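In what follows, structures are represented as structure tokens.
Two complexes come next, and they have one chain in common, chain A, joined by chain B in the first and chain C in the second.
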Partner chain A sequence: MLKDKIERPGYLLIAVLGLIAPMVFPAYVQQIAMLWIMIVFALTWDAMGGQMGYNSLGNIFFFGAGMYMAAVAQIWPWYDVGEYTDPAGALKTSFTIGQYFTGLALGIVMAAVGSVILAVLFGLIVFGLRGPYFAIGTLGIAIAAGELIGAWDWVGGGGGIRLPVFPSGTDADPLFRVPFGAITSADLQGIFFYWACFLLAAATFFFFRWLYTTRFGLMLNAIRDDETKSEALGIRTTLYKTIAWSMSAFFLGISGALFGNIIGFIEPLEVAFPTVTFGIFMVLMALLGGKGTLWGPVIGATLFHVIKEVTWTHLLGWQWVVLGLLIVLTVVFFQQGIVGWIQERRPEWFGIGVDRGTAGQQADAAGKIAR
Partner chain B sequence: MAPSETASQARVGLGMPAWLKSSSDGWTLFFMLALVCLCLVAISENARNNLTILEVAWQQNIQLLLDGLFIGAIFAFAAYGLALVWGVMNVKNLCQGEYVIMGGYISYCMYANGIHPFFGFPVAIVLMFGFGWLMYFLVIKRVIDRDLFTSLLATFGIAIVLQQGLNLIFGPEVQTARSGLPTATITIGGGSFTFAWIKLAAFLMCGADAGRLALVIVLFMKRSRMGQAIRATAQDPRAARVMGIDTGKVYAFTYSLNAAICGAAGVLIAMIWVIQPFYGITHSIRSFVVVTAAGFGNLPGVITAGLGLGVAEQYSGFVLGADFQQATVVGLLLLVLIWRQIVENKYRRVVE
Partner chain C sequence: MTHLIEVEGVSKAFGGVIANNAITMSVEKGSITGLIGPNGSGKTTLFNSIVGFHPIDDGSIRFRGQEISRLRVPQIARLGLLRTFQQTRIFKKLNCVDNMYAALSHREGHFAGMFAKKSGEAEERAEHLLDFVGLYQKRKLRAGDLSFGQQKLLEFAMAVMNEPEVLLLDEPTAGINPTLINGLIDRLRLANEQFGLTLFVIEHNMRVIMNLAQHIYCLAHGELLADGSPRELQEDQRVIDAYLGAH
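And now, the complex of A and B:
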């Protein structure tokens, strides 16, 4: 089978490319880091939308929630958050290397754990909803979160939070200055978070790759195919739906924490809860690549991100119109996505046996009549 | 939830964990308490001051109530269009708000060119009917028979195209079409509130239009050939097709009618309120709130829910601050969805 032949060299190639990319393309470190985050977006959305059949429009909520929780965790041990975020800016702040990295680690843990807790809590509200009501309910949560954070002065309100600055190579700490002395703070930060994003994307990918081979993965597919029947078979659907959502939230929360630190400045509507940009991109990327497949979201995210980065600036204000058109076209004409399309054409590449016995022929004939 | 699905609704899906399932009243209590806590967090000193204002200068209540009812009538209008499309075609039209805003910009264009925006009504209705027809044949036609999420996402895509298109043409500034009708300041008991005639006119027009529309639609649905075809299609599209009904035409008509209704609502919005390319999504969510609360084919319910939403929004805008206006709409949506879950759960059903 093709899969066995290309699998190992394929992973190796991607790992090598991913690791050396910041050295080869130093000018595009941030864009490539963004690509890894996009892949995390698409994979986590697909775990819900593709594998479980619960199409969420508000998964971006966990991205923003993780970002804010991480920011608070990074500041809170050393400064009063309310004073720190005060727009008057009377507070002079500086973080030592130890404080910065302790805060960052704390922030990432907080973002992950906090997002899982939020997913469980909101799961109580949304998992009695199905189909379009679920999509609109989750969209509502994401929009409401953006608005409420924007009105919450303690975390900076609409003015946002400026995150601690990454320590520079000229810092006083000799342990840090000697190896990184010649590199600027921005470059160090870029490479550090690049690898963090790469690790996160790889972890997400292999986690879901493993998950889909387990009994749990099969249960998710059962919920997608017929929830009532799977419930009748004794699958505790609500529990599994909540767990799957928590898994998405876990990775999305971490991606939010990393993204916030890459940007360095977070704000509720455009950066943390961008419902109509990233929130929709993740759906589009998963659909474009082929939802319900492992590689689909990865390919969709890569393709979408590369096209977006290359053409965005040349579209002169029309980029959003193009994005909307792309959504309509993908949804209406190409819903099976790239991988789904190949799977239809060449099922044997995916190890899917198609039985051409009498039953298959009968099904084909029945399909023709129905059409 | 289309009429064709009613038979399959009696499902045994239970969307809540066992420890809460035991008593749905306990569940209700849990969420109500959580919401009250949230509200307490939200009600800052500022909000308490505003509440005091409402007590002392009670005339402000009349202002808020009237404004809320006037605006709510328009919400009900747009929501009725959504209920129509959802009920007949099972399409969840997320670009509802964009059609409203487009109607608003039609009337704004006329105002900017020196024509009274009232004349925007026929123009908006005709243009939006045509636009709805176009959208039907370009996109909607292809998503009707697909799964539930497809129509939602496709119309969301249309919404993005439309709002960005409007943004490119008109710019992101907030616009309004002034009607030139006078406002009156009425003084009662030592306080005063302003009373804009345009808002009353809009309210009456909405009321009259909704009433007339209801009458026309009821008669149309009951008596005319097309109406019978629409009802038949709503019940069972495949059987209707077998019986020789051109369901495509029925769908196209329904969708275009919805766009025209939204356009008319938009003309009113532009005159009594403000329009901006990105305000559409809030209008869409409002329509969803109203339809989710009232259900389809329930015109009195839609009107009541629309008026209630208008008043609730005005009050929260005043008490909690303008920042919370959109959050209120979304919060109400979530509340309605939770409430629907509790109700449906009593009959061992889920909201779908």
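And now, the complex of A and C:
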């Protein structure tokens, strides 16, 4: 089959391009890192919205929650968080290479585990809601989280937190010198987090790719197509929904931890819980590419990110108009998305079709009834 | 004969409308039991009560001697009491084989099973059952693209795939053409004989239910009007009056 022929070389090509991109396009490292995060956004949203039929507008909550939990975990082992975030800024801080990377590892673990715990807790509340009520309920959580964090002085309130700076000693450290030669620590930070984002996107993609081949994936689709029927068949719908949300939260939490460190400064409304930008982008990207498919979110995120970056650079002032237009066109005229559209045109590529079967099979099937 | 389902004094009201009033009936193990009555007589409400779709106001429902009137839909389904829907519910975007997989029993609740791949054994059974209802060739089509009658057949095959002990069928032949009806009756009877499946059937088509069921209950205005063998019911003046509207 065509699929088998292009699959392996395709993955290999993407892997090579992904790995060498920061060396080939050093000026665009952050933009391409952002692309990988966008792909994580779209994939995790689609697991809920596309595969399970629960259109969450609040998935961005886990992004922000992960970002803040990571930040706290990066600071807390070495400094008092309250003093560190004090806007008076009297505290002098510096992190050694060891402290920085220990904190970062701890932060990523905290972001992942903490987001899963939050998903389970909030799942208990919001999974009583269906359809538009679920969308609004989850949106409420994300907005409320932004406001609450903004009022919480211990984590910096509305003033936010500046994250530990990538240690300047790294450019002298032989461990980092060897692969890159002479390079500044700022460049090094960019490349380091670029690879972390790439790894995260790959892990997310292959995780969901595997998940959709299991019984679990099928149950998500069953819940999407008819939840009442699923319950009538004895499917533990609440359990499946909660686990699916936890999976999304896991990857989103890590993406938040990485994004916070790329930006270097986090605050609740624009960076951590941006419901009207990233929160909507993740929905749009999945819709554009084709929701409920594996590749749809990836393609949608890539296309969207390119459009977004180009308009932000060359059509500044019009970027929101272009974006609004894209949303309207997708929602009104192109609901099935790119992959969905291909699937409609060429169902046989996706194994959909009447199977005439061979005479032998027919006889075999007939034999089975007789038995 | 053992009573598989025992309904005792079950009442259910929606606001001021009394849909079921103190209904008592039972379904024997291995039997095909019918439930008839004019439109709005409370048949589907009684089905919904039995499968836990809504709480009942009064009375008791037992399945294999176990009280189930406080359990929820998925729990009751996992006990082996399954229903099909009057409006036919299938998973529209999944193909027929995946519909059958989704219908596999969820009785054993181990965690690893959730992430299992599709097994060859289940696939064989799914294809066998799809063949049983005549959908083998269309097994890779999306269920939503099937005709209404075929969707009904698929829903029935899914129910059998689940291996329940009792199957509650809500108007299995509604909207199906007469030729297909005969096939469906044959299959219902075969499932009853071959798989030992107990059937409890709501049906408006008198020819179908009189041929199929061994024992029939008749509801009217939310109350149990009569019960007996098909012959007894056909000759019961109260049943005839209820259907023809005599007062």
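One rule holds for everything that comes next: the second predicted complex is superposed on the first by the 340 of 371 C-alpha atoms of A that agree within 3 Å, B and C clash if a C-alpha of one lies under 4 Å from a C-alpha of the other, contacts with A are read in each partner's own complex, and residues count from 1 in each chain.
Quick note on the criterion: contacts are C-beta pairs under 8 Å (C-beta built on N, C-alpha and C of every residue); 3 or more make two chains touch, one makes a residue touch a chain.
For clarity, every value in this text was computed on a predicted model and none was experimentally measured.
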Which of chain B and chain C A:Ile143 touches, first, second, both or neither: first
Partner chain in contact with A:Leu218 - chain B first, chain C second, else both or neither: second
Chain B versus chain C as contact partner of A:Lys229, first or second or both or neither: second
Touching partner for A:Ala151 - first (chain B), second (chain C), both, neither: first
Touched partner set for A:Leu325, first chain B, second chain C, both or neither: first
Touched partner set for A:Gly292, first chain B, second chain C, both or neither: second
Which of chain B and chain C A:Arg130 touches, first, second, both or neither: first
Contact breadth on chain A, by residue count: chain C or chain B: B
Doubly contacted residues of chain A, that is, touched by chain B and again by chain C: 228, 231-232, 237
Chain A residues touching chain B - in the complex, by the definition given at the top: 49, 55, 57, 124-133, 135-137, 140-141, 143-144, 147-148, 150-151, 158, 227-228, 231-232, 237-239, 242, 276, 280, 283, 287, 317-318, 320-321, 323-328, 331-333, 335
Touch list for chain C against partner chain A, complex: 51, 72-75, 77-78, 82-83, 85, 89-95, 98, 101-107, 109, 113-118, 127-128, 131-132, 136-142, 158, 162
Of all residues in chain B, those that touch chain A in their complex: 11-17, 20, 31, 42, 92, 139, 142-143, 146, 148-150, 152-154, 156-162, 164-165, 167-168, 281, 285, 288, 292, 321, 323-324, 326-327, 330-331, 333-334, 337-338, 340-341, 344-345, 350-352
Of chain A, residues touching chain C in the complex: 211, 213-216, 218-219, 221-222, 224-226, 228-237, 240, 243, 292, 351-357, 365, 368-369
